[in-house]
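What follows is a set of structures to go through.
Consider the two complexes below, in which subunit A is the common component and subunit B and subunit C are the respective partners.
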Partner chain A sequence: MSEETLPKRNPDVSWRTIEGQAVLIHNRLGEIQVLNDLGTYIWEHLELGPEILARNIAQEHEVSVPDAQRDVEEFMQALRGSGALADGTD
Partner chain B sequence: MDRPVAPGHFSGPLNRHGDGAFTVSVGGIAVQFSGLSEALLPAAQERYSPFLSDEPPLHTVVLYDGPEHYLDMAEDGFMRVEERDFPEGRIMVSHDFAAFWPAGASAGTLRVSVAFPLSKVLSAMENYLRWCVADLAIERGGFVLHSAGLVLEGKAYVFFGHSGAGKSTATTLSLEGRGALALSDDLVLLLREGDRFLAAATPFQGSMAQRVKEKGLCPLAGLFHLRQSAEVGTLPLARAAAVGMLLSCCPFVADPGRRSEYLLPIVEDLCRAVPVRELLFRKDPSFWDVVLKREDQP
Partner chain C sequence: MEQTERGTPLQRLHDSAFRARHPLFASIELTYTCNLACYFCYNPVQRKSQKRTQPAPERAESPLTFEEIVGVLDQLKEMGVLYLTLTGGEPLMHPRFWDIAQAAKDRAFAVRIFTNGAALTQNVVDRLATLMPFCLEMSIHGAKAETAEALTQVKGSFQRQMNALSLLQGSGLRVFLKCTVTRLVENELADIKAMADGFGFPLFFDPVLTISDDRQFYPMELRASDEAIAWLYKTSGLNLGNSPFEREPGDFNCSVGTGTLHITPFGEIHPCVQWKQSVGSVREKTLQEIWATSPLLMAAREANLKSAAMLKDTVKEHAFCAHCPGLSQLKCGDPLRPDEQYVRVANIRSKLAET
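Moving on to the complex of A and B:
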């Protein structure tokens, strides 16, 4: 995956990790998201890309790589759906 | 069609409504309105009477005549209040008023038609005051929260949640059943003082009469997120969840200007300094038993 196609955070989203959980503020929408531990790991390391994220998660959480890939993809879709990722990236 | 509004709309020859002036203080944040007409001044003073102040203002806004139309009505019927950033400062605009706060200045301009009934001009002033107090509070390490603020034995307890969560109900039950004093049933100002936080009444229009509101700043003893339930009790909240819930109840969090980047650390500090819990709440004053019991625990 080239750098251009890596998922990118929407610059309109302010965020901060508090005790291991990321709190996201969608500035224009006025909506708030609180991510769980795994979601926070993915959010904080988006620049690694889905494949490396899935491998790392599989290793850390003792799940299969395909399962981790599915979880990462589903979470990315959720982030896209909420507008937390910048448009035009996947 | 929306009228385009830029900083130039607030310069050049403008006509003041009049020469009247008064100052409102919200928890020590004093804002002066000037340029009021003879008819508007007593009406505005009456509206804000318990909050009138002689303090030197931190911010002054002057009222000038303006066009009768700025923004069209929204299709969903909700009021449109939009904020726009310019290098020269920020503009807030709605259907029938527009305001400009020049960057770094302690004075602003509010344009609203002199032909409007007083109620409409007062509404524009109220919106300006909310805008201004929200920002000045953040500069002082505080913020305005959609919440009911109640005072018992000199300590403030703040119950927050979205519309319909029970803020007004909790207020009514507390005034009648517990003899509590009320800061507000809708918007409470929270301000940092050293390593603690204080709560103050706001003069913003809700369902409570202004005269009922308890003035002054009270030490904040606890924050409770209202959740209607058949049972009464409190539940712990992870700090991130508490921060998220509080942020979602902050007015103006949707504004541009990266206000939320300032707000986030303030809310996090608040959650470190003051207990924040979920309150399982039913419509009787028994919730106070669990609220006060929590406070007794180390």
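Moving on to the complex of A and C:
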């Protein structure tokens, strides 16, 4: 996956990690999204891209790579749906 | 007892932060300077005709510099504060307002800006829309110039506020309107609601006035009538500030001492915007140090935890009664004494419930 096609964070969404959880502030929508541990790991390491993220998660959580890939893809879709990712990525 | 997780991930973050005494909320009064002179303003400065029995205190120290404010923001971020309110005075009157607001945005706070709207020109609204805070909260003081300007003591302020509301429409900013209910506006509350609806912004009425930070009671001159308070509670579709919420003895009443911090323009730390006792200065200690060691903050937390039980024991209509430990502390030095205004509202609400 080239750098241009890596998922990118929406610059309108501010974010920080609080109490170990990524907190995404959707200022335009007035919504705050709190990610779970796995979501926080993916969000904090988006730049790695879905394939490496899935491999790392599979290794860390002792799940198969295809299962991890599916989880990562589903999470990316959820992030896109919430507006946390910039349009036209991935 | 095992605690089960409830609510959304955000609610769970709030719950866990409260239990861990981790502050998620902070407010900074950037300046006491204001372009209006609202009679009920609680800042410890003289606003035109306010009737003080003692003059407002003079300050020997200088306000926090821009660099000091940025240092405070860094500390608040380090402490895990999520919600940051920039208030005043009129925060837009601070000479470095835009730099401060941007610094807050850059540190990923959910930034809430309080404004009276009187300085909102097209250029200012455009800049606010570029900044894109989490929300903008604007005070309104009447549905017509005569009543609004009786409060603001500035001629032309009503029209400036109306212009601001027009400019804010379609700006993309999330705007909330607030109206403190006084005897000046009590006969036009429905008009104010209609005006807010016309602009398409949610409106919150607050029936409780506060005394000034320097313990002057002049704002109480403007108390609304029982009839006006009753109107608020019997009219459907209104948002009311300071409504009590379901809580049991042992529950936290609010976030004082456990989830919030307030900083004055001079760097003093207060337990909250209403509890006006200094627990330290950012010029002398770090915020973390003050938060971790202040006996007064511990006492505020204790009062907070005891509030629900106190209400149940002392207020007949406790199911309808809100409580602000900070306001009681300010008014009578006892955070666990019910405030007569909240009790009055509770009595009115109870009577309405009977009918």
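Just so it is clear, the second predicted complex is superposed on the first by the 90 of 90 C-alpha atoms of A that agree within 3 Å, B and C clash if a C-alpha of one lies under 4 Å from a C-alpha of the other, contacts with A are read in each partner's own complex, and residues count from 1 in each chain.
FYI, a contact is a pair of C-beta atoms (placed from the backbone, for glycine too) under 8 Å apart; a residue touches a chain by one contact, two chains touch by 3 or more.
Small disclaimer: the values here were computed from a predicted structure and weren't measured.
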| item | value |
| --- | --- |
| Subunit C versus subunit B on the shared subunit A, clash or fit after superposition | clash |
| Touched partner set for A:E62, first subunit B, second subunit C, both or neither | neither |
| Which of subunit B and subunit C A:D37 touches, first, second, both or neither | neither |
| Contacts of A:R16 with subunit B and subunit C, given as first, second, both or neither | both |
| Contacts of A:R28 with subunit B and subunit C, given as first, second, both or neither | both |
| Touching both subunit C and subunit B, counted on subunit A across the two superposed complexes | 14, 16, 18-19, 21, 23, 25, 27-28, 30, 32-34 |
| Touching residues (chain side subunit C, partner subunit A) in the complex | 8-10, 12-13, 16-17, 20, 22, 24, 77, 80, 82, 105, 107-111, 132-135, 172, 174 |
| Complex contacts: residues of subunit A adjacent to subunit B | 14, 16-23, 25, 27-34 |
| Subunit A contact footprint on subunit B (complex, rising order) | 238-241, 243-245, 247-248, 253-256, 258-261, 263-265, 268, 271 |
| Contacting residues of subunit A [partner subunit C, same complex] | 12, 14-16, 18-19, 21, 23, 25, 27-28, 30, 32-36 |
